[in-house]
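Note that subunit A is present in both complexes that follow, paired respectively with subunit B and with subunit C.
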Partner chain A sequence: MSESTARDALDPLRALFAHDAAKVTAMFLAIWALFYAFGTVLGYGNNGLLALVRRVTFLAAVYGIVVLALNIQWGYAGLFNIGVAGFMAVGAYTVSMLSGSPTGVPPGLGLPLPIGILGGMLAATVVGLVAALPALRLKADYLAIVTVALSEIIRITYNTPAFANITGGASGFDNLPTSPANALLLSDPSSTISEPTAVGEAVFSLFAQFGIQRFTAINTVYTVGVLVVLLVVYLVLERAGKSPFGRVLKAVREDETAAQSLGKDTQNFKVRAFALGCGLMGLAGILWFAMGPRASVTPVTFRPNITFYIFIALIIGGAGSNTGSVLGGALFASLLFEAPPVVRNIVTDAFDVSADPSNLIEALVPVAGGDLVPLAGFLLNNIDTLRFIGMGVLLVVLVQRRPDGLLGARKETAAGVSLAANTRPDRSDAAGNGGGDGE
Partner chain B sequence: MATVSDAGDDIADAAVPEGVDLPEGLEPESADSDVEEGAKEVPRGLPLRVKGLRKEFGGITAVDGASFDVEEGSLTGLIGPNGAGKSTTFNCITGVHEPTAGDVFFRGEEITGLAPHEITRRGLVRTFQIARQLDEMTVLENVMLAPGGQRGESIARSVVPGLRGGVVEQERELREEAWETLEFFELDHLATEYAGNLSGGQRKLLELARALMTDPEVLLLDEPFAGVNPTLEEKLLDRIHDLREQGLTFLLVEHDMDLIMENCEHVIVMHQGRVLDEGPPEQIQDNEEVVEAYLGGEV
Partner chain C sequence: MEANPAVERGLRAARRSPGAAVVWAVAAVLFLDLLAKLAGVSLGPFSTPWFALWFGGDVPLSQFAGFAWDGVVIGAVIGLASIGLSLTYSILNFANFAHGDYLTAGAFSGWAATYVIAGIGGLLALAETFVNALTGLGQSRAGDVDLVSLVLLRTPPLDAGANIWLSPLAIVVGLAVAVAVTAGVALALDRVVYRPMRDADGISLLIASIGVAFTLRYLVAFVFGNSRRIVTSTEQLPSLDVAGAVTSAVPFLAPARSSVVVDLHEVTLVVVAALLMFGLHVLLQRTKLGKAMRAMADNRALAQVTGIPTERVIRSTWLIGAGMTGAAGYLLVLSQGGLGFQTGWLLLLLIFAAVIMGGIGSIYGAIAGGLVIGLASRVSLVWLQGDLSSFARPTAFALMILILLFRPSGIFGGVKTA
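Let's turn to the complex of A and B:
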């Protein structure tokens, strides 16, 4: 009796973890715990700890949004878009131009932020469609070529001195729109030392009790906002994916001719999926680069390597799964992107590797004599760049060993209702119908 | 059962059904073009009519002026040696290829050159010689994909909270219909299996089940029995006969002559892109030209 009640008590917990929400929550809690531990080891105070955890959370959230957007295109519909960076750039630049202050340099139009955000998403969608409409008619490879070329054209356009009085050229667009977190918390959103609003007063005094500074508090509020957007985007795409729409997209990915022969206007579905994805990439670009703690939108940010990070994150999580996309984005941003430099700091704090060699040869020579410290020091000091080699290796290993992603959820069913075996209708009253003739 | 064009008159008189709008310009003097001729002989008796179909690939003429009709509710066989142009004919009828010349009429309307999905939506549905199951989708998903008019194919209806209810409701109905169809094809025990894990024969069954879910009037089956073991073949044939009794029309490409002769009431023989002969099986069997074509003789 008591055994069964114990099982009953655990069942809800198990059932809960079967839910995707629980997996994502557990992942975020684990990441927070890990970085909290890192910060503690480094001897950070509350402010430093929160700043570290916030930074990781922010990156995990923006990666989550853009990976979700790529997932609807590539994971679901098989549309090989390698111009993600370009669509993010269009979003970030457009919102800056629409909602930046008219008196700043380069001047913006000073439109309200919601209009700017919508405009940025719309611009990313339109740019995507203009380039993709002809390419979507062709085979997947052509779309890949067109999108990567487009992404570079966009970056170079924003970079060129010819348009510098509009775009800011190579030094970037630094007349960014007012962050909504600043507007919420401060009476003068352009100055972080101005009088707080009523909400700001409450928030700042709450954070101050834990010794957290105002700047960190503002960024934390903004990050919470980005998390909320991630949740909304997730819910939207989860519903779009688990529906007849998502089902047709998967069919297009698997075999477009078969989908057409079943009466599906596949071109129309591809265009809609591509537009939706590009719009959300624009949104990710806005949240990531044009608002929050950043000071300017620079063309150099949108080099193609960011596109490949996003692909790695999606492959880690498992293309075709929205939950996998969020998990993959969070894993990539935390463990692969943010953790290595922090770990380096921890190690250099604990061991003396200050006498580091200046190049690989100097680092390798002492290894022959059994002294590994110079090599370790060299690797640690160059971890910022070496981690990208690691990412490349990881990508190769993943594609070979776990093509369905670490979490292997590519085969989630796409339907508005459960398609499990227990959904079979009870047909005891209609035994003569079909199946009963026993061939 | 002959469906040659001189039979057109009595069929037309007998079978102008309710609900078929006869086109206005039906007066004799305006009926010279192929389109109107096709429309004039609309009868429900001949849902699919192919006239002078021609398809060239570069210098090769795969189909060279093929004409034939498929009679309502029939099981019509399309046979011919390899390279006779059967599959290309199928591809031209269903919009996968655009014919170089010629016309295809479905229910009296010209469908030549329409996109495949438009032709399917009108009720002319095909399966493929090599089964095109959707590997990384379950059998149930494969089948639920097919029906037309799914509300949830609109993003807004799938996503917006107030509208989602209708989608879920329709999905429930579709799911029930899908289970029924799978039971009919005895695939229900595989419903949650991924289609890529099915055997060759099961894939053929799945394709037919899926095609059926589009609510077709005429089914074009391209070698549905290729690679299917005899037991499954028997099962598949039973299903086809069941469906035919329910009013469906079948056009079947097949290499197995015995199977065609036993099951089809009308047979069309293609050779070198043309219709060599058509008629009831007994007539075809006695045609020396046909025998010669199959034995590899040059005609």
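Let's turn to the complex of A and C:
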């Protein structure tokens, strides 16, 4: 591989990245500023502020990874997979089984974490392949039904009491592997109050200057790690999208028959894209549920609902673009998922809404007498439910009005060269030649 | 060589589609195993490296009958609900993921009506209260009852008298309300959501229906609360132990080893479901609507050109489909008792399985598919005993995936009989 080919491949990438990186950075800065403002209004100290911002960042980052994975399948290859939850479950469960301590309950194999993570991704890939090989022949909506059924089969299998001594059954796999952040910062990773390592000493003393507790510091380090993984996944996928592999996928999405007639084995490409996406979903499941702050691997987590959240995020960002996926994931996680409860707290503090009607009718009856406080109190108390109603309405509106995504059409063209550039011979020239021929 | 032509044909078919052959072989083994179990014959154990495998065993006939009856009950509900899904799938050409939540909406609205009527003390009392309120005469009986907790289904079932024996009229009215409300909801949603995107592709409509599902499900949770509750009461409900009755009626039978209890709620469910299905059959055979639906499912543009009022047919489709679904939701609660805002959503995949099994677009196929799925999810408990019983649902899902892979046109060969 000569140096010039490497530069040729990287040049357009670098130009585009400079552009999109600015967008993503601006979005994250805006989210941080917004939640910093929320925290300040709520009167949080430095520790509380960082914890709030970190929570949003973590969620935005994991959503980013899993939305990127889905984008490979749906945005690039046009495969409508609504079994995301199942593949994340396979990743999270496998890593816990491989790297959980052998003495815990349920027992793990105690393998080193990197092997566990690789194993988890591999397991998700294999399950994806098993599903994909027969199912990808089907129509898009049949594939949707097969994948959602598969994810339920996976969830129920992890949930069943029959395998409780391996999977933990309905209460979940409690014996999680140690988080890499703990291993990095603490001499005894299983206890937060143990002696810090050399790195830990430096990190903790830095955070302590701002009055930030050790627990928050550890979680922040982990979240930064997840952000780095997001960046790596993004770069890899961006590179893959520009490669011949990615171009064939986009061609399949646009017109499968045309791609076939050009001699591409479209089935093969679809299977590979599906497997790659499933592997990354496994990775997202690992980072999200098996390690890190408030990690818990329980079957309830992997209900199909979470798949639909990820779809909403992808549709917000605009399917077909990696940058759009990251933006959509971050927007969904921050504004739609994390913000409503925080806003509720702010409103409750500011207006002293103490009314707490137990149901909608009790809340609505006083409205006739002009008293809006009970209704306000009821709406605030049910903001979680309202949030889901809002998501549903948003999804319908998006599909009706902005099918290309909230952030505009971001679908990347399949062509490797710019289609806007005029590569034809000069028009006046051609006309002149034509005229000349006619004479 | 005197090879049997049937065997030869079978072998050729097996070579052509080995997957289907394996499925048939497994089905045959399971069927023989079931017969052996019922006969009490057992072979084995055949030891495999991991576990001992038994062929046959001992399953009391009465236990099997109990599973089968449960399967018929749940299958009737699934069949009823899958009619609507099958119709919209073939005529509007998309998989409606909100269908389960239509069922929930029907169940909640119908039972709210039943609670109010039964709680006040029957239709007569309701009318009396109404007249009293209008004229200001007489003594109001509504004062005695907590109307709010009745409407929101928070009164204990027995206090409300939610039981077909105690207040049959309330149940009938509730069923009608469930049908009407669900049909109304479906029409309104069609007007707002689906009509503006009539020409969109199936996946866009599918995504829109996921949005509708979320909205509807959490609206129900918003109004009725998100706790699951027991709605019906079995107090004084007539029921019959069929196994016991049969063995005592036929003198030379040994007493049944387990009981098969059939109660009035279940019987009502099966009878009403059968009546509704028969009514639909008559409606579609005797009117032009069925023919118009078939034409639309085949080719909408052509149907429009031929002069079929497509929008009106679509509205009828929603009316019929959603009405049946609302009834299914109401009846499901009647027999099972429990109701929560996720009830329909949890049933959705089974309904999809029934639709796919019967072949998309076929009403009779959907009904049969519902029964097969219902039976499969219950009769599979013969093999999945103890801790394994939680695999009953996955069995139905796996059946659906197999059908999709090997026979996407449904087990009846894709005959469209709208």
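Things to note:
We take it that the second predicted complex is superposed on the first by the 393 of 439 C-alpha atoms of A that agree within 3 Å, B and C clash if a C-alpha of one lies under 4 Å from a C-alpha of the other, contacts with A are read in each partner's own complex, and residues count from 1 in each chain.
Criterion: a residue touches a chain if its C-beta (ideal position, glycine included) is under 8 Å from a C-beta of that chain, and two chains touch if they have at least 3 such contacts.
Everything numeric here is computed off the predicted structure, so don't read it as measured data.
When the shared chain is aligned, subunit C comes close enough to touch A:A144, but subunit B does not. Contacts of A:T160 after superposition: subunit C is touched, whereas subunit B is not reached.
Within the superposed three-chain model, A:V105 lies out of touch with both subunit B and subunit C [touch as defined at top]. Once the two complexes are overlaid on the shared chain, A:F311 sits against subunit C while remaining clear of subunit B.
Within the complex, the subunit A residues that touch subunit B are 236, 239-240, 243-248, 250-251, 253-255, 257-266, 269, 272, 276, 320, 410-411, 413-417, 419-421, 423-425, 427, 433-435, 437, 439. Subunit C contributes residues 19, 94-95, 148, 151-152, 154, 193, 196-197, 200, 202-204, 206-208, 210-219, 221-223, 225-226, 349, 352-353, 356, 386-388, 390-391, 393-394, 397-398, 400-401, 404-405, 408 to its touches with subunit A in the complex.
For subunit A in complex with subunit C, the touching residues are 80, 134-135, 138-142, 144-146, 148-150, 152-153, 156-157, 159-162, 164, 308, 311, 315, 359-362, 382, 385-386, 388-389, 391-396, 398-400, 403. Residues 94, 96, 115-117, 120-121, 125-128, 132-138, 140-141, 144-146, 148, 150-155, 158-159, 164, 167-168, 170-172, 175-176, 179-180, 183-184, 186, 188, 191-192, 194, 210-211, 214, 231, 234-235, 238 of subunit B touch subunit A in their complex.
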